[in-house]
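Listed next: structures, encoded as structure tokens.
Note that subunit A is present in both complexes that follow, paired respectively with subunit B and with subunit C.
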Partner chain A sequence: MSLQVSELRVHYRTLRGDVRALDGMSFELGDGEILGLVGESGCGKSTLGKSLIRMDGRMRHVGGRVVLDGRELPIADDRAMNDFRFKEVSLIPQYAMSALNPTRKIRRMVGELLRSRGAALDAAELERRMDQVGLPREVLDRYPIELSGGMKQRMVMVISTLLDPSLLIADEVTSALDVSTQKAVARALLGFRDSGYVKSMIFVTHDIALTHHIADTIMVMYAGRLAEKAPADALVKAPRHPYTRLLVDSLPEVGVRYAERRLEGIAGSPPSLLDPPPGCRFRARCPLAGDECAEEPPVAEVAPGHHVACWKA
Partner chain B sequence: MRRYFGRKLLIYGLTFFVAVTVNWMIPRFMPGDPVASMVARANVTKPEAVEAMRAYYNNLFGLDQPLLTQYANFWGALLRGDFGTSIWLFPTPVSQVIGGAVPYTLALVVPSVLLSWVVGNQFGAYAARRKLLDNTVLPVGYVLTAMPYMWLAVLLAWALGVIAGLFPVAGGYSFSMRPNLSWTFFLDLLHHWTLPFLSLFLVALGGWAIGMRNMIIYELESDYSTYLSALGAPARLIRRYAFRNAVLPQITGLALQLGVLVAGALVTEIVFAYPGLGSLILKAIQNKDFFLLQGAFLFIVLGVLIANFIIDIVYVVVDPRTRAGMAGAQA
Partner chain C sequence: MMLRLDHVTKVFRIGAFGGRTVTAVKDVSFDVAPGEVVSLIGESGSGKSTLGRLILGLSRATGGTITFDGRPARAGKDYYRDVQGIFQDPFSSFNPVFKADRVFAMIKESYHPGVPEGEWAERVRTALRDVRLNPDQVLGKFPHQLSGGQLQRLLIARALLLEIRLLVADEITSMLDASTRIDVLNLLAELKTRGLGVLYITHDLSLGNYLAERTIVLREGAVVEMGPTGDVFGDPLHPYTRELLSAVPRLHEDWADAEDPGTCLYHERGASGGLLEAAPGHLVACARSKTC
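Right, the complex of A and B next:
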């Protein structure tokens, strides 16, 4: 097991009280596994991604453990966590387009960053990896503003994985890209895993269709908790949790004319995480909800590797 | 690159032309007749003599010619480096009068502008990450920057000059001394220079520190800073990048503020009776000395334009984005 997260609780401090963005998340990630993390806005997926590398000032680690390669990550201790960042856990941020210092040439910036982490710049290796994602080498002698959005994105991908981290968190990396670039980025991420630059990966997104192409396992989150986690095919083709089913049903299908049948969405919105209702958090929007749903459903393994948190599954 | 500077030079040329024209107009359309006051100073009572003197002076200064000819002559003389003859200190040439005042103004303006900018930036960047400093010293910065130059000058003159008696409150050097090249004279100059310098320095310092503090906080919250911290880069590196990027708007600010700073310096000189261009302008106005006024203004306009041009060049050197804008970005 590469990554083990158990009962992780991370809250946001606000003036009106704690927002429970992560409320007891447990999951495991194997070596070489790519985990697609899916859910609607505010379900806690970005919070999970951030918790594993760098919590921002408003986040507070309330409970739970994160173990990476047998070592516990000190996620609440910003300073101690520095030893793990970049080397063990790395991040491709959501804002990859603006992640590079605009007033430094890329070669110099990368060199300075590596030196500050006590690593030397291996120019040959850097260029080899750039070739792999289709970046011309001249890019290194340019300023970030001279690159297109897609180039910046790929540059950040190369930089983030330069120290061969064990875990890579790719946070909404494809959200701002057009479809053809999305495909290139997805393929590059797969290439990183296959070349052994990263051992395992968490691919945070809200695009189930794209995740299906690159992820081995897909995990669906709802309101700060795990809803369903299953091998990618099983989750898309035979979802067990009603939320996953509605999520998959709301995807458009190729070849279907939606003039006859309107595309279904999911009615309602997720509950406030400031003071979440007891029991199953999807209850208010769930078509199958019954009396037992007033009690919190445990995460059960319904098939090998297929975990669902639902009484009706 | 050449096109960029060509365009810049054209703009500066145009500004210069307009400034010179306005400069020529202001004294001529100002109320009062300088020749009449010169004649009156001579205490002549015979009407024929008065008439003769009037004609002589009008001819000497070229005031008997049509306005357009005067304007053309003005440009001609200007390009020859001839600013005319001072009326107040007749018959000293204006260039000579100004030449005597410029070193004092430069000695005051250049160090106060540059030092306040450098120290203010460092201080603001430091305050941005020290909560205590941010909460205590920065409010003082707000008070300082909101203060008119001459008001602080008067306060300093009163507190450090009159009450504490530490510094002289008037003049460029002691009245008992004649300018010469000696350590005693130099120290005396420095002694007189301190208070006007301090009042300029302190007011500008507050503004730069506040600007820098806000810019640094903005930069430290920007995406590239967040990314670097996520990769575990030390705070030192992130702060260095943030400072470097936060300085850029401060450079623009310097270009924008330059005119204000020079104007402030002129007023401060008057408060301290410092023998620079500011005091000279005041004297020129009081004595309706067109030519001296024109010369002084022209000098200031030229100085500010040159300084702005230098800042433009510096900006191109330090910000790669302006260079990319000139060459056209390549994807």
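Right, the complex of A and C next:
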């Protein structure tokens, strides 16, 4: 197991109390595994990604442990995490455009970044990796503003994996891209895993169809908790949690027309995480909800590698 | 035809002294009828949003004409009574210090000053219920207290109160969650049956396909292919359309690699000038300039 997260609780401090963005998340990630993390906005998926690399000032680690390659990640200690960031855990942010220093040409920026981490720039290796994602070498002598969105995104991908981190977190990296660029970026991520530049990856997105193409396992979160985690195919083809089923059913696919088949959204909205109701958090929107749902459902393994938190699954 | 674009071209001047030019829209002609949803599909930089802005009168075309009901489309109160636009980011479309009811009160002041208060309040509530919002939950709230889906629906309700006939929807669902997105799309489809024309601008092919009767594919400012949605998606004639379709991630299939571009239908049929009408209403551009 390259990553083990157990009972992780992260809260946001607000004037009205703590927002329980992550309320007891446990999961494991194997070597070479790509985990797709999906859910609605506000379900805690970005919080999970962030808490594994850097908690911002509003975030508070309330409980739980994170172990990466047998070493515990000191996620609550901003300074101690410095030894891990970029070398062991790395992040590709959602907006690559704001991740690059606009006043430096790319080559100089990469050099400065590596020096700050006590590593030297291996120009040949950098160019080889750029070739792999289809970036021309001239890019190194350009300013970020001279690159297109997809090129910037791929450049940031190359930079953030230069030191071969064990865990890579890709946070909504394809959301702002066109379909053809999206495909190129997603394939490049797969290539990084296959070439061993990163050992395992968490791919945070709200696009289930895209996740299905690159992830080995998909994890669905709902209101700060795990709803379902299963091998990608099983999750898409035979989802067990009612929320996952509704989510998969609401996807418009090429070929589905309003006139022929009307897709339905999920009525209602997720509960406030300021003071979440007891029991199953999907209860109020769930078509199957019954009396037992007033009690919190445990995460159960219903098939090998298929975990569901639902009484009805 | 309600909205008609005739050989519309838009050239931007860029650089320090406007020395260089960029042609954002090249010779585009199409129309939108009442009760019809036309989707405008293209990648970033294809000129789809520029077209939306031209239609809304937010910028002036360099060449060609845009007419609405036979009259030139000009920014102004009369035009905006019929035509409204909604954009991608609902959070920046609202004045953050105005509560939702004030947004509606402003419409009354400028467009329906004669309507009595009580009747107007009833109209607002009806419009909100039409977009499936609970009036008591949204009125009296500031924009930051509402979700993206609620704000986007508020904007549609606002447009409905104006009794508009054409809606230019520019990427209105790209910030929304999968389930909310479907609610907004279903709402548009319902309004369409009441006679609202919609120009649905998007880069998401499956969303355009779900809603639209007709589809227009843009590349670098020019129309590559247009026609009934079923024909364009089911039997794409231009290699670029095929390439786009193959890049869409699908749930139950693997990514297909773009197939061989094939021969250029346009040249095969000996067409020249403008688009070739390959089948009734299904028009395609020459593929040779790029891929043949």
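The criterion applied here is as follows: the second predicted complex is superposed on the first by the 312 of 313 C-alpha atoms of A that agree within 3 Å, B and C clash if a C-alpha of one lies under 4 Å from a C-alpha of the other, contacts with A are read in each partner's own complex, and residues count from 1 in each chain.
Following the convention adopted for this analysis, a residue touches a chain if its C-beta (ideal position, glycine included) is under 8 Å from a C-beta of that chain, and two chains touch if they have at least 3 such contacts.
Note that this is a predicted model, so its numbers are computed, not measured.
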Combined model on subunit A where subunit B meets subunit C, clash or fit: fit
For subunit A as apex, the angle formed with subunit B and subunit C - C-alpha centres, to the nearest 10 degrees: 70
Partner chain in contact with A:Arg283 - subunit B first, subunit C second, else both or neither: neither
Contacts of A:Arg108 with subunit B and subunit C, given as first, second, both or neither: neither
First (subunit B), second (subunit C), both or neither touched by A:Ser41: second
Touched partner set for A:Arg117, first subunit B, second subunit C, both or neither: first
Touched partner set for A:Leu246, first subunit B, second subunit C, both or neither: second
Which of subunit B and subunit C A:Leu210 touches, first, second, both or neither: second
Contacts of A:Tyr143 with subunit B and subunit C, given as first, second, both or neither: first
Touching partner for A:Arg65 - first (subunit B), second (subunit C), both, neither: neither
Overlay on chain A, subunit C to subunit B nearest C-alpha distance, Å: 6
Common interface positions of subunit A, toward subunit B and toward subunit C: 148
Subunit B contact footprint on subunit A (complex, rising order): 53-54, 81-87, 90-91, 93, 95, 98-105, 112-113, 116-117, 143, 145-148, 151, 156, 159-160
In the complex with subunit C, residue positions of subunit A that touch it: 40-41, 148-149, 178-183, 186, 206-210, 212-213, 236-237, 246-248, 250-258, 262-266, 269
Complex contacts: residues of subunit B adjacent to subunit A: 222-224, 226-234, 236-237, 241, 244-245, 248, 318-321, 324, 329-331
Footprint of subunit A on subunit C - complex, ascending: 43-44, 147-148, 177-183, 185-186, 189, 203-207, 209-211, 229-230, 233, 243-245, 247-252, 254-255
